[in-house]
C-alpha cells in the first residue's frame, strides 16, 4: 500500500504540470516584483539600484500605513461576515423546503461583474437621489451623510458592497461542504435526541472545520489585496479615506509612474499576507492532521 | 438512488416530536420570511440590471431605481451591431471553458497527490501554491508581459488560458483541500488493497467522489474567468482574440460613457454563465447522492 | 465508462492547447512580411461610445492606405483607463505601437526621458506647424523638441441653464461678486447652483485654477510649476480660501466629493443644477446630441469665468489646452511611414473633427467655411480672442505632483485642509521633484 501511495513518478506526474505553470507565471513575477522593489524605476527607461531605500520610505509612509489599516479593517469585517454566511448555509443545507431554489437565488449576485456592482451601489449611496438616503429621509433623518463623499463614512460604505459581493462565494463553499457530510451522522444524532442547534454546532461545524479554516485564509488574503470595487467606486478617495493597500500600489505604479516603489508596496503586501496566513494557521490548529 | 434518499427523509419526519409542533411552525414561518427577504435582495440586482439596460444616460442617473419609462431596446441592437460581439462571445466561451477544465483537473491532481500520497515535500509544495494567492494581480502585469513576449505568446489565446489557470490554481487547490481533508480515505485505501492502480483510484474513485466540490470550484473559476479583463487587455491586441469584457469597454468614451449599452452588453454576457451556473450547481447535490449509493 | 470520459477530456485539452498555440503563430509573423509594411496604431475612441470619432479614424486610415499601397494600418482600441495601463506595460518592454495617443506635458515627459517617443520637429517644419493654433504644439515640447501632434483643443467655459437663470431673474455674471450673488440667489431659491463631480478631482481643479488665474494672473500657475515661481504666493492661498467660501455657501451639489463627473453632469442635464464648469468636449451634448431633449439643448448658454475685482487677469484668459495628441514610437521599424501617417492623420482630422464629431481640433478652423451650431461658433470666436491659455494643472504637473495636487483639491473642497497648508503642501511636492 505504501508502495503505491509513495510512487515518486506518479507524484511527479500529478504535481509537475501545475507546479510548472505556477512557477513560470506566478513565481517569476513575484521574484521580479521583489527585484523591481529594490530599484528606482518609472516602469521604462533606465533602472537604478537603490537597495532597501524604497522599504525605508515605505516604513515612514503614513499614507501607506493608513491604507494598510483600511485593508485590515476590511479583512476583519470579511472574517466576521463568514459567521453569517455559515449560518445561512447551515439553514439551507438543512432539510427545509425550497432550499435548492433559495440557494441558487442567493448566489446570483456573484455572477455580476464588478463594474455593474459598483454602479448599483453608487446609485444606492447617491447623496441626493440615492436609495439609501431616500429611505433615511423617509425615516425622519434630516441630513443623512453623503456616503462616498464623507471621509468618516466612506470606508464602511465601501466595505458593505465588498462583503455582499462575496456572499455567494462563501455560501457556495459552505453549502457544498455541508452537503458532503454523510447523512448517517445526523441521523444517529437525531436518534440520540440532539436538537438541530446541537447538530449544527457539535457535529456539522466541527466536521467542516478544515473548510472553515480555508475560507478564513481566503477571506483575509482576499481582503488584504482587494482592489476592484474600491477603485471604481471611490478611487481610494476622498483624499485617501478609502484607500487600501492594492489601490495604493496601483496608484503609485500606474498613475504616478513610480513602478519601483509600487513594486515595493506589492512585495510588502505579499509579505504581510504570508505573515497573517501563518498566524491564522497557528491560531486555528484544532488537532494535528491525521490524514497524512 | 432516489428511493434510498426518500426513505431516509420520511423516517426522520416520523421521529419529529409532537409537543413542539406549533412552536416549530412559528419558527419556520419566521425563518422563511427571513430567507425570502434576503432572496429578494439577492435577486433585485439582476432585475435592476435588466431595467438599467433599457435606459439612456439621463434615466440611468436621474431615476436609477424606477422602471424604464421608454424602454430603449435599441441598446441591444446597438450592442449586437457595433463591434464584433459574436466573436468576443465565442472567445469568452473558449477561454473560460478551457481554463476551467484545465484548472480543475490540475488542481485535483495536485490536491490528490498532497492529501492522499506520502512524500517528503508535500507541505512545501502546498505552501508554494498558497503563496500564489497573495500576490496582487497588478504587480504581475509587467513581468508577465515580458515573459509572454519572450516565449512568443503575446497576442495569443494561450497566454490568457494559461494565466487564468495559473492564477486560479491556488484558490482552487485551497477549496479542494478542505474537502479532501474532510473526506474519509477508506474507499481509496480499500481500492489500494484490491490492487488498483493509482490512476484508477484518482479517476474512478476520488474524482467522482469529489464531484460536488469540483462543481463548486468550477463555478467559481468560471465566474472569475468570464468577468476578467485586465489580462485580456494587457496580453491581447488583436481584435479577433478579445473577449466580451472588451464589448463593455467599447461603450466607455474619453469623456462620456454609454451606460445603457453597457447594461445591455452585461445582460447578454450574463445569460450563458447563468445557465452554466444553474446546471453546475445542481451537480453539487447530485454528486453527493451518487457518492452515497456507493457507500 | 467514467475513466474513458476523463481520459477523453484530458486528450481534448491537449489537442486544444496545440490548436490554440498554432493559431497564435500566424499573428506573430509581424511587421514586415514581404513588401507589406504594417503600422500599429492604438487609440481610445471605441466605436460604441465615440461613434463619429471612430468613423473618422477609419475613414482616414482607408484614405491613407489607398494612397500608400503596401502599407497597412493595424488598429487597437482601448478605453481611457485601460489605454493608459497598456501604454505603461508596453513601454516597459519597449513594445509601443508605431503610432498612438499621448497627453501633453506631465504625461509625456517620462516617455521622452525614456527615449520612447520620436521627435516630430521634421514633420512640423514641413509646413505643418502653421496649421496648428499657436501654443498647442508647445505643450508637447520637451527641451525644444516636439514629441506630439495635438488633435484636440479644449477650453473650459461655465455652461448655464438659461431657463433657470430667467426664472430667478438672473443675469450672466461678469464679475466674481456678481457670480457670488447668482450663487446666493439660486441657493436661497432651493436650486443647486453648480454641478460638480469631484470624485474625479480634476473637475474641482478647474475651479481652483480659474480662481488662481483671476486673482494671481495668467502665468502664476505655470511659473509655480516650472519652479520660476512659488506656490506659496498669497494669491494661491486666497484662491483656496475662495473655494472654501463657495463650499460653505452651498454653491455645489451635495456630496460632490463622492460623485463622478458623469453623475454631476446628469444633474445639469436634468436641470437639477444651474451651472457646470467643463471642457468644450461637452458641446455636442448641448447642441447636436439627439438623445438629449431639444428643449434643454436650446436652453444652454455659456459664460467666461468672471473676473475678480483687483485681480491680475482678464476675462479672456482660459483654462484649457490641447487634449490627446499623436506620438510616433522611437524604435518603430516603420518610422518614416508612421510619421507620414501621423501627419496625414492630423491634416485629415482637422478637416472633419468639428463638423462630424464635434471635437475642436488643434489645427485652425475657418468658421466662415463650415456650418456649425451657434454655440460652437461663439466658442471658436472666443478662442481666437483668448489672451491666455493655461493648461490643466494635472496635465502640466509631473504625475506624482499631479496626484498630490488632485488629492489636495479633494481635501480643500471637503474642508479638510487649511488654505495655507494647501499651498504649502503643493510647494513641498513641487520642491521634491
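Each chain carries a letter (A, B and C) given by its place in the written order, and its residues are counted from 1.
As a working rule, a residue touches a chain if its C-beta (ideal position, glycine included) is under 8 Å from a C-beta of that chain, and two chains touch if they have at least 3 such contacts.
Just so we're clear, the structure is a prediction, and the values are computed from it rather than from any experiment.
The set of chains in contact with chain B as well as chain C comprises A. Counting C-beta pairs in contact across A-C and across A-B gives the higher total for A-B. Centroid to centroid, with C-alpha atoms defining each point, chain B and chain C lie 39 Å apart. Chain geometry summary: the mean Cα position of chain A and that of chain C are 36 Å apart. In whole angstrom, the spacing between the mean C-alpha positions of chain A and chain B is 16. In chain A, the residues touching two or more other chains are 43, 126, 254, 259.
Among the residues of chain C, those touching two or more other chains are numbered 85, 88, 92, 263, 272.
Multi-chain contact residues, meaning those touching two or more other chains, occur in chain B at positions 62, 142, 146. Interface of chain B with chain A (complex): residues 8-9, 11-12, 15, 28, 31-32, 35, 38-39, 42-43, 45-46, 48-49, 52, 62-65, 106-107, 109-110, 112-113, 115-119, 122, 125, 128-140, 142-144, 146-147, 162-163, 165-167, 169-171, 173-175, 177-179, 181-183, 185, 189, 192-193, 197-199, 202, 212-213, 215-216, 219-220, 223, 227, 245, 248, 259, 262-263, 266, 269-270, 273-274, 277-278, 281, 284-285, 288, 292, 295.
Listing the residues of chain A that touch chain B in their complex gives 1-2, 4-8, 10-11, 14-15, 17-19, 21-30, 32-33, 36, 43, 88, 91, 95-96, 100, 102-117, 119-120, 123, 126, 129, 131, 167-169, 172-173, 175-177, 179-180, 182-183, 187, 190-191, 207-208, 210-215, 217-218, 221-222, 224-225, 227, 245-246, 249-250, 253-254, 259, 262-263, 266-267, 269-270, 273-274, 277, 289, 291-292. Interface residues of chain C, counted against chain B in their complex, comprise 2-3, 6-7, 9-10, 13, 16-17, 20-21, 23-25, 27-28, 40, 44-51, 76-82, 85-86, 88-90, 92-93, 95, 262-263, 266-267, 269-270, 272, 279, 281-282, 285, 291-292, 323-324. In the complex of the two chains, the chain C residues touching chain A come out as 84-85, 88, 91-92, 94, 110-111, 113-116, 198-199, 201, 253-260, 263, 272, 399-400, 403, 407-408, 410-411, 414, 416. Those residues of chain B lying in contact with chain C across their complex are 56-58, 60-62, 78-79, 82-83, 98, 101-102, 105, 141-142, 145-146, 149, 152-159, 161, 200, 203-204, 207-208, 229-230, 233-234, 237-239, 241, 249-258, 261.
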